[in-house]
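Taking it in order: structure first as structure tokens, then the write-up.
Each chain gets a letter, A, B, C and D, in the order it is written, and its residues are counted from 1.
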Amino acid sequence: MYQSLNRNQLAQRIARDIPEGSYVNLGIGAPTRVGNYLPPDREIFLHSENGLLGMGPAPAAGEEDAELINAGKEPVTLLAGGCYFHHADSFAMMRGGHLDICVLGAYQVSVAGDLANWHTGAADAIPAVGGAMDLAVGARRVFVMMDHLTKSGASKIVERCDYPVTGLACVDRIYTDLAVMDVTPQGLAVTEIVPGLEFAELARLTGVPLMDARAPVAQAA
Amino acid sequence: MYQSLNRNQLAQRIARDIPEGSYVNLGIGAPTRVGNYLPPDREIFLHSENGLLGMGPAPAAGEEDAELINAGKEPVTLLAGGCYFHHADSFAMMRGGHLDICVLGAYQVSVAGDLANWHTGAADAIPAVGGAMDLAVGARRVFVMMDHLTKSGASKIVERCDYPVTGLACVDRIYTDLAVMDVTPQGLAVTEIVPGLEFAELARLTGVPLMDARAPVAQAA
Amino acid sequence: MINKIVPGLAQAVSGIFDGATVMIGGFGTAGQPAELIDALIDQGARELTIVNNNAGNGETGLAALLKAGRVRKMICSFPRQADSQVFDALYRAGRVELELVPQGNLAARIQAAGAGLGGIYTPTGYGTLLAQGKETRRIDGRDYVFETPIHADFALIKAAAADRWGNLVYRKTARNFGPIMATAARCAVAQVERIAALGELDPESIVTPGIFVQRVVQVAAPLRLAA
Amino acid sequence: MINKIVPGLAQAVSGIFDGATVMIGGFGTAGQPAELIDALIDQGARELTIVNNNAGNGETGLAALLKAGRVRKMICSFPRQADSQVFDALYRAGRVELELVPQGNLAARIQAAGAGLGGIYTPTGYGTLLAQGKETRRIDGRDYVFETPIHADFALIKAAAADRWGNLVYRKTARNFGPIMATAARCAVAQVERIAALGELDPESIVTPGIFVQRVVQVAAPLRLAA
């Protein structure tokens, strides 16, 4: 039997892969949690598209400032060395290739790295896109953080997205509660699987071709 | 006999037409002199394309700052309420229609308001354009300040520019040492002539069709 | 003497006509000029096209303008929020039109308008529903979507301080769309908490030069909504 | 700990390769990073494409780089000046290529590169020699010229102060092209007069956020050339 990662474990796993000095945007929702696990010995610059760089943790209770918020409209703080700027400058950072990494949630990711995370496609849904499409095409590396399977057990990693896409061929790496996969020109390369889950079983659950790219050490772990 | 205006008189004449509250760019060269004659009882905002608004007069001798210059690279000052900005913001002001008036020198202006002021067209000339084309197309009103005739007596107001143009149909008003003319859809409308010069003689010197649009009062003056 | 400071909110929003395009600053409630919006409701203009990142929160500010039935069309990036019930109901009832624009395209189109560009090729949205029917172009091996500038008749924004020439400084993330919206509107109106003497604002730190601002109104203790 | 401050000018310009495109800040000599240019001359890179508003003044700075024969091509708006004799001679001798760009197009193309746009339609230059052979387009009744972004491998700029994260503030009209060039280069190098402690620069007044700056070098008493 295997144990899938919970949200916080997944956030922690992703945080490990963010190098010192990276400029990073954490999308609203679950990816925001990655910020809680960034190694304290690394200086990492968090960007929020509403106009700040050098974002710090949530303020202490009672010290919230309605004019110091993140893209999810939650109160945050600013680190020493951080700064404010307007929306066009903020999106220039995102779209001009200046962010090293963004971490986004997803409904689906295709084997080609197409991302669907903004619209369920439901006829009566009110669409809202925010900065998702800008991050998808603009960041140097796009990490997706999501469950491997839907609640009904369908794979969220698909041959082609059923949901309306956010961007084409934009995802670089997928972190799920079951595995880590790189999007490569040859297809999806699995670099990690949670302990107790066999590659063959992961492949069966996923339902699209996977390559086993685990390092021998990682396999032994 | 008539007396043509000298450079300073012409600058003074133009200054009179700049309303309070105007945002104004004075091109390099002779138009810079207009700044010396702005009525002291009017607040007028001078813009310089190298990144300042609220430009003041030349500094006192010995107080020049090599990092506080105008577009002509002459030392200037900043008024209280003035500010600095980068080149893209500065040209957004110029190109986005935010300047009320710019005053430019010219080699030639056509009856349609085409402006030629950046290039003599000489085969061996090193071309340099600076911000001339941006001002020509971007300011709400383009005033030209020039001699009416070349040194050899040819009219600088022409049916079509011989020199390479700076912008098409961009000039609104022409101030020369002999007359003031508005560029209108019907042609050039003369609104003022220097005392002692008859309209017919001005028309003969100019060599293109002119309309007499002088106000009765102005004629009497 | 030039004094862009108007005595009250009514003067600040005067002249906004039926059918006008009005940009409203703010990201959620941060930077939203709530008092100017209330004044606009009182003023009565109808059939407005509103440009804002969102489509109202709760029942006040932009949501109240929507609820008052004054908005014909919203141009925004993120209308659906936990507390966007006013917009949601109007949208589902077919009583408000929505132009959904990716946030970066929204910012870039507003900036392009202010800077006098005729159009831009943007990387965002290529291959998605939001680029359907739009011209695309491959430039240097990358695909782009053609987008046009968004101009406005009025911009209502919020800043921290202004002087009588209309120079503005902002506070923290309340800056957001204010500086670019001011450039894109024929008449930009800023509500500010504080009036500074001319020359008091550091010329190196003025964020919006007065050339982009036509009216200033002081609202000393603005409603600061929870984020 | 991230520290973008390099110990000397040689490290600041290391890695600039033959054939690189290098943006150099400054309008005339205001904001020209004279010491970085001297270091680039010492460093030896050749066949450079230089982007600057001008093409050198007198015999120092950019003029010295030109005189040393390191420049294959200049992209600029105003090469001809009273003291541009070095460029003039090289140009007349056919030893340097010139791409003349209206100053506003130069700024807009640099800004477009930094912002990730694929191209822009600009009003400037339509119907002139400088738009010959370029695509044009009529948008909403006005004519525009299609222009592409100008990217650079390196940008050498001058600022007043920086902290170790690369945040920059400038001084007066020495700001000019610095902020936009920093955004358009893969490696932006700033020479600054003063190093500030982290957190010392006002977060509301930082002009260039550190994300756009890769290296900082202190030149405490820079050559301040006459304007």
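Everything that follows uses one rule, which is that contacts are C-beta pairs under 8 Å (C-beta built on N, C-alpha and C of every residue); 3 or more make two chains touch, one makes a residue touch a chain.
These numbers were taken from a predicted model, which means no experiment stands behind them.
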Contact tally winner between B-D and B-C is B-D
Measure off the straight-line distance from the CA centroid of chain B to the CA centroid of chain D, and report it in whole Å. 30
Taking each chain's mean CA coordinate, chain A and chain B are separated, in whole Å, by 56
Chain A-chain D separation of Cα centroids, rounded to whole Å: 35
Which chain C residues reach two or more other chains? 108, 111, 115-117, 122-123, 170-172, 204, 207
Sites on chain A at which at least two other chains make contact: 78, 84-85, 88, 91, 94-95, 138
Touching pairs of chains, all of them, please. A-C, A-D, B-C, B-D, C-D
Touching chain C in the complex: which residues of chain D? 108, 112, 115-123, 137, 139-140, 142, 144, 148, 169-172, 202, 204-205, 207
Please name which positions on chain A make contact with chain C in the complex. 48-52, 64-69, 73-75, 78, 84-88, 90-91, 94-95, 119, 124, 126-134, 137-138, 164-168
Residues of chain C touching chain B in the complex: 1-2, 111, 113-117, 163-165, 167, 183, 198-199, 201, 203-204, 206, 209-212
Which positions of chain D touch chain B when the two form their complex? 27-31, 53, 77-81, 87-88, 91-92, 98, 100-105, 107-108, 110-111, 122-130, 170-180, 207, 224-227
In the complex, go through chain A and note every residue touching chain D. 20-21, 23, 43, 45, 47, 53-54, 78-85, 88-89, 91-99, 138
